[in-house]
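Pasting the structures in now, so scroll down.
In what comes next, chain A is part of two complexes: it sits with chain B in the first one and with chain C in the second one.
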Partner chain A sequence: MNSATPATTESAAPILRLQNVDKLFGDFVAVERVNLDIREGEFFTIVGPSGSGKTTLIRMLVGMDKPSDGNILLRGTRINDVPANKRPTCMVFQSLALFPHKTVGQNIEFPLKIRGVPPAERRGRCERLLQQLHLPQDYYGKAVGKCSGGEQQRVALARALAFDPEILFFDEPLSAIDYRLRKALEKELKDIHRETGKTFVYITHSLEEAMVMSDRIAIMRGGRVVQVGTPDEIYNRPRNRFVSEFMGEVNVLEVARDGDRLRDGASGALLQGPAMPEGFTKGFLVIRPEAFRFLNGTADATPNRLEGRLYNEYSLGSRMQYQVHVGGGVFLVEKLREQRYQGQLDDSVTIGWDPAEAMLFEE
Partner chain B sequence: MSLETDVRALESELEDADHTRRRQRSSLWTELGDWLRQPGALLAAPPMLLLALGFLGPLLLVAAFSLIPPKTFDLGGAWTIRNYVDIVTESYWISFAWSFALATVTVILLMLICYPLAYAMTKVFGRAANILTLLLVIPLFVSENIRLFGWVLSLVKGGVLPGAAELWLGLDISGLLYTVPAIVLGLVYVYLPFMLFPMVLGLSMVPDRLREAAVDLGASRWQLFREIELPLAMPGILIGCLLTFILALGSLAESKILGGSAIVMIADDIESAFTFAQNWPKGAALSVLLIVLAGGLVFAVLSRLDLDKILGRG
Partner chain C sequence: MGALTTSPLMKRLLAVWIGAILVFLYLPMAAIALASFSRQRYFRFPVPRFDTRWYEDAFTSLSVRDLLWTSLTVAAIVTVISVVLAFLGALAFARYDWKGRTIYQKLLLLPIFFPQAVLGLALLLWYSALGIPTSWMTAVFAHLVWILPIATLVISIQVYGFNPAWEEAAYDLGATRWQVFREVTLPVLWPGIFSGALFSFLLSWGNFPLSLYTTGADSTIPEWLYAKMVSGYTPLVPTLGTLTTVGAALLLLGAYATIMLVRRARRAEDGG
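Take a look at the complex of A and B:
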């Protein structure tokens, strides 16, 4: 996966650096001690659930709010107190914030008009942007209210690109779009990132969305950055249970140390986990649904075997998901459709997994 | 035999025709019934009736009066346009001009005064805006004439304002009362709420997100005002302008109380025609002319400005 991403250059100096950035609203700490380096030309995504402080953070990065403490450096220059209209960056809003009294063309040309670019040149730039974003040229004079949701997204993006920002910020612009269109626009956005070579900073609550587009991802929780890494690193080496759960449906087992093994609290089973950290007593074992296998007899040598009952099955398109009840525990198992379980509900089944495929967290 | 058959045939034909007619009538009745049964029609009937009797009726009566010979009260006589000819040939245009000029000046001053105030009320004051609203509304409970006489006491020679100005600033403003500026002051003072509140409404319709987006895209304070706030608040501003213009155009008390006999506004002329002069036809003709001129102006403004387009619904 990483091999296909354009070289976003580990060595390049950060275009945007956050040093111990805090934001307080009264006594409430919205953003706490955030340190981030965003590199020139990368697609950087900040992911977090609602209330994690990601919107507050991006508002400070754009210049609509000031940090309570810490520094924001753009190419090494402190920009904490530079207002939004004096910064060479701009944002695509969640609500898109298209100007309803202006046409598509007037919206896209707005940042150029503000800068005093002559009308003929504005028109030319606007037409090139319409083309780049696959909008018909005759949309130039169309009212933005008459455009579809996807078209409005493109107009908002075109307006931001017309600004020609050094960093383009996105505040969850796709969250209100229906699933299929969103999937298409995610890829389109990544293509545009490639074409323009600009630095994109995107915030979203969906790690899935972040995975599709990003070169690197920062995960936020409770105003703090929990983990920063490439999609591969986040997926394969989540730092804690929160990050691993954030990725999607996973099985979380509350386990306690029992000799060199782990005892599952819900099913009471004795399990073999990955290597335990020093001084581990209890914590959580996270197993992805696709790590499970249905075991036939004793041919499979895995030390982790759980006997249970097939309670239900769900079709997820290319995959099948099964709910297996083991004692008091409920497990989710996923198989590719062509490797689906051959049998019936209420069958007695044995599921197993390799110890190395599970992740152990203390918190 | 054959005659009888013919008669019967004729009878049945007539009967058929009668049926058809009755059917037609009944269908008309059912249509009316359907119309009355639709939601709101019956509820709307009393106010419609009231408007017809209390608004449209008198207007038509005034129009009719304007077409009878001067100084008569008989609607049954011959109709004439004498009154209009008289108005055009006499010097009434001066009163019309004063009314239009003062209404225009009032609207312009109110726009300049109310925009910052409305902006502050929607964006800056927060909850304190409610107190300000209350303070602006309370004077409306006092009769307009009494409030204007309050200004007379303040402006009169030796009154509160000239006295204070002379004492503290060494300014002599004792001559202000009974001048045109005093009338403008009265008009601006009385009609301020009618500009302010529609403007507040208009400005509150400008979403904060759009302001932020415009600023983010580099707009200065002035560009934000020019490109985003003004066009989006325009419906409210326009309504405020129309309201205050029409009210100021027909105003009477301000010019009489604060202006003394400095100038005569058209409403003053209309009143005199109906009262002292006992010339109802001329008063009616002046009223009709004022309505037509004001209405024409309003329609001209409204048709030039497409509200739907301003609001982006076009």
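Take a look at the complex of A and C:
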């Protein structure tokens, strides 16, 4: 577990439990046999590419859809058939779904108005939420359409917090925001999570985004949960090639067993990999760009050496990335800027890596 | 801008062109208004002497009062029915995806493409075949056949811009189905419903061909105007014509004022 994560009691009963949840649309299986335990107070993120079933899943968790089979338990009580407006949970929508005919204040106060909270009390709660989310107080009477993208995010979050949900769901609310603002809002959201201590369940297609915010991450593919773990676990011990590739740019080598070594299909090189699983014949060797080193002569004793040509160089700010061509294969190599390669394009270079730093998958 | 900037000469020509269009469009209406103030019994232009006697006649005449009342009743009933049906119809037209939707969208628009004179005759034939006596009530139905599709289209435009997530969000935040409708659906679609109502009223108020066939012994203002033009012109024709136009204009202004007031009230509702 991440050392900076607030302590959660592992043994405590989960606030939300999914047991063998299925969702079928006709013959199409959108969600299949999903089992998950979400703990009280954690920031839990469900990550998957489009079509992985994550949106279908969250719609069932919120109460907008019913599972075809299985159980959804909120603090041990089955809530499959409880409609969304009777559940003590709410969601921040992908489109934010701010009411266009209401002001910022009226949007935030909406759940309180529905509950019959008197206007004066509503106003007080709204003002505190505006303050908590760093929105100016005079935004109270502002039309939501006149707010910027980032401000609308905060208004949507304030409205959901005004509901005071037991679990707050997020359906990719940051996906339409430009990169820099998104990075800032990710951190802000994690801060809000700390301040409120509420259980957040977030879905996104970006593992990078999930990594920044989450206590734990579930990765979905084709309607199934592929792996659940902390960001550290997902990063260091991805369960399969899909998860490792989902993390970002990696080098994937199609390899076959050759004695106690691996033969790379593209370059024909004989490589030494990490420990092979029982009965391994062929699979994929995944190497992160930062695992590579540029080798000088034979001083470095690594058994994995590939000779190639430096084809191109990309500056990524604090890091430098290189494209190296080895036979028919293309490799991405990444170095910190201070450790950048000293030389020119088209140089002959030798790259190498430690066998233990690569990951081997059968599928 | 560059290539898109217009030279001063082009600007002047454009102004002349727009002015010509306005004169062409509005001069005839101004002529009618002037004629209504004429002393003469016959329609002559320019008007030799001005007088307001025809307006006095119009306001005191019982038959004019009947005409106004018939036109108003028909238009009001058409408006109410068409707004309710067109609102539901617009949801089916633009909001929900259902099996017969494309066919429905095409069938609904069919009456608009029929010449109204033909539509009126067809309805009259039906009424007599079914033995329904024609009156202002059968005219209400005839108007609806033609106006309902238009009102549906007008409201649909608003419905197309409606994000279903607004309703889902309200529901998710604890609102009942009725609260969702009252707090979100209706207020968001309100401008569309409002313009649908205006269209319905004005199209019924000014309708001639459908009324001609289907009002039976009753008569609306446009019918009466036509009848008097064909046989027995009186200066009441331009007078009533002007009055109905002014009435329609007042309705539009009133509607605009209402929208402004509602907007202001909404903003002030929670002290914003």
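By definition in this document, the second predicted complex is superposed on the first by the 362 of 363 C-alpha atoms of A that agree within 3 Å, B and C clash if a C-alpha of one lies under 4 Å from a C-alpha of the other, contacts with A are read in each partner's own complex, and residues count from 1 in each chain.
In this text, a contact is a pair of C-beta atoms (placed from the backbone, for glycine too) under 8 Å apart; a residue touches a chain by one contact, two chains touch by 3 or more.
Computed from a prediction, not measured in an experiment: that's the story for all the values here.
Novice: Mind checking the superposed model to see whether chain B and chain C fit together on chain A or clash?
Specialist: clash
Novice: Once the structures are superposed on A, label A:V144 by its partner contacts, choosing first (chain B), second (chain C), both or neither.
Specialist: A:V144: touches chain B, not chain C.
Novice: With the two complexes superposed on chain A, say which partner A:R115 touches: chain B (first), chain C (second), both, or neither.
Specialist: Both: A:R115 reaches chain B and chain C.
Novice: Regarding the shared-chain residue A:V34, is it in contact with chain B (first), chain C (second), both, or neither?
Specialist: neither
Novice: Figure out whether A:V155 sits in contact with chain B (first) or chain C (second), or with both, or with neither.
Specialist: neither
Novice: Would you sort A:L129 into first (chain B), second (chain C), both or neither based on which partner it touches?
Specialist: After superposing on A, A:L129 lies clear of both chain B and chain C.
Novice: Check whether A:F163 is in contact with chain B, with chain C, with both or with neither, and answer first, second, both or neither.
Specialist: So A:F163 meets both chain B and chain C here.
Novice: Between chain B and chain C, whom does A:A84 touch in the aligned arrangement: first, second, both, or neither?
Specialist: Both partners.
Novice: Considering only touches as defined above, state whether A:L61 meets chain B (first), chain C (second), both or neither.
Specialist: In the superposed model, A:L61 contacts neither chain B nor chain C.
Novice: Quick check on the superposed pair: does A:S95 touch chain B, chain C, both, or neither? Answer first, second, both or neither.
Specialist: both
Novice: Identify which of the listed stretches of chain B (6-14, 60-68 or 168-176) has C-alpha atoms clashing with chain C after the superposition.
Specialist: 60-68
Novice: For chain A, what residues appear in both contact lists, the one with chain B and the one with chain C?
Specialist: Touching chain B and chain C on chain A: residues 62-64, 83-85, 90-91, 93, 95, 97, 99-101, 110-111, 113-115, 159-160, 163.
Novice: Provide the residue numbers of chain C that touch chain A in the complex, in ascending order.
Specialist: Listed in rising order, the residues are 163, 165-166, 168-176, 179, 183-184, 187-188, 190, 266-267, 269-272.
Novice: Taking the touch rule as given, give the residues of chain B at its contact with chain A in the complex, in rising order.
Specialist: 207, 209-210, 212-220, 223, 227-228, 231-232, 309-314
Novice: So in the complex, which bits of chain A are touching chain B?
Specialist: Within the complex, chain A touches chain B at residues 62-64, 83-85, 90-91, 93, 95, 97, 99-102, 110-111, 113-115, 143-145, 159-160, 163.
Novice: In the complex, go through chain A and note every residue touching chain C.
Specialist: It is residues 62-64, 83-85, 90-91, 93-95, 97, 99-101, 103, 105-106, 109-111, 113-115, 119, 122-123, 140-141, 159-160, 163 of chain A that touch chain C.
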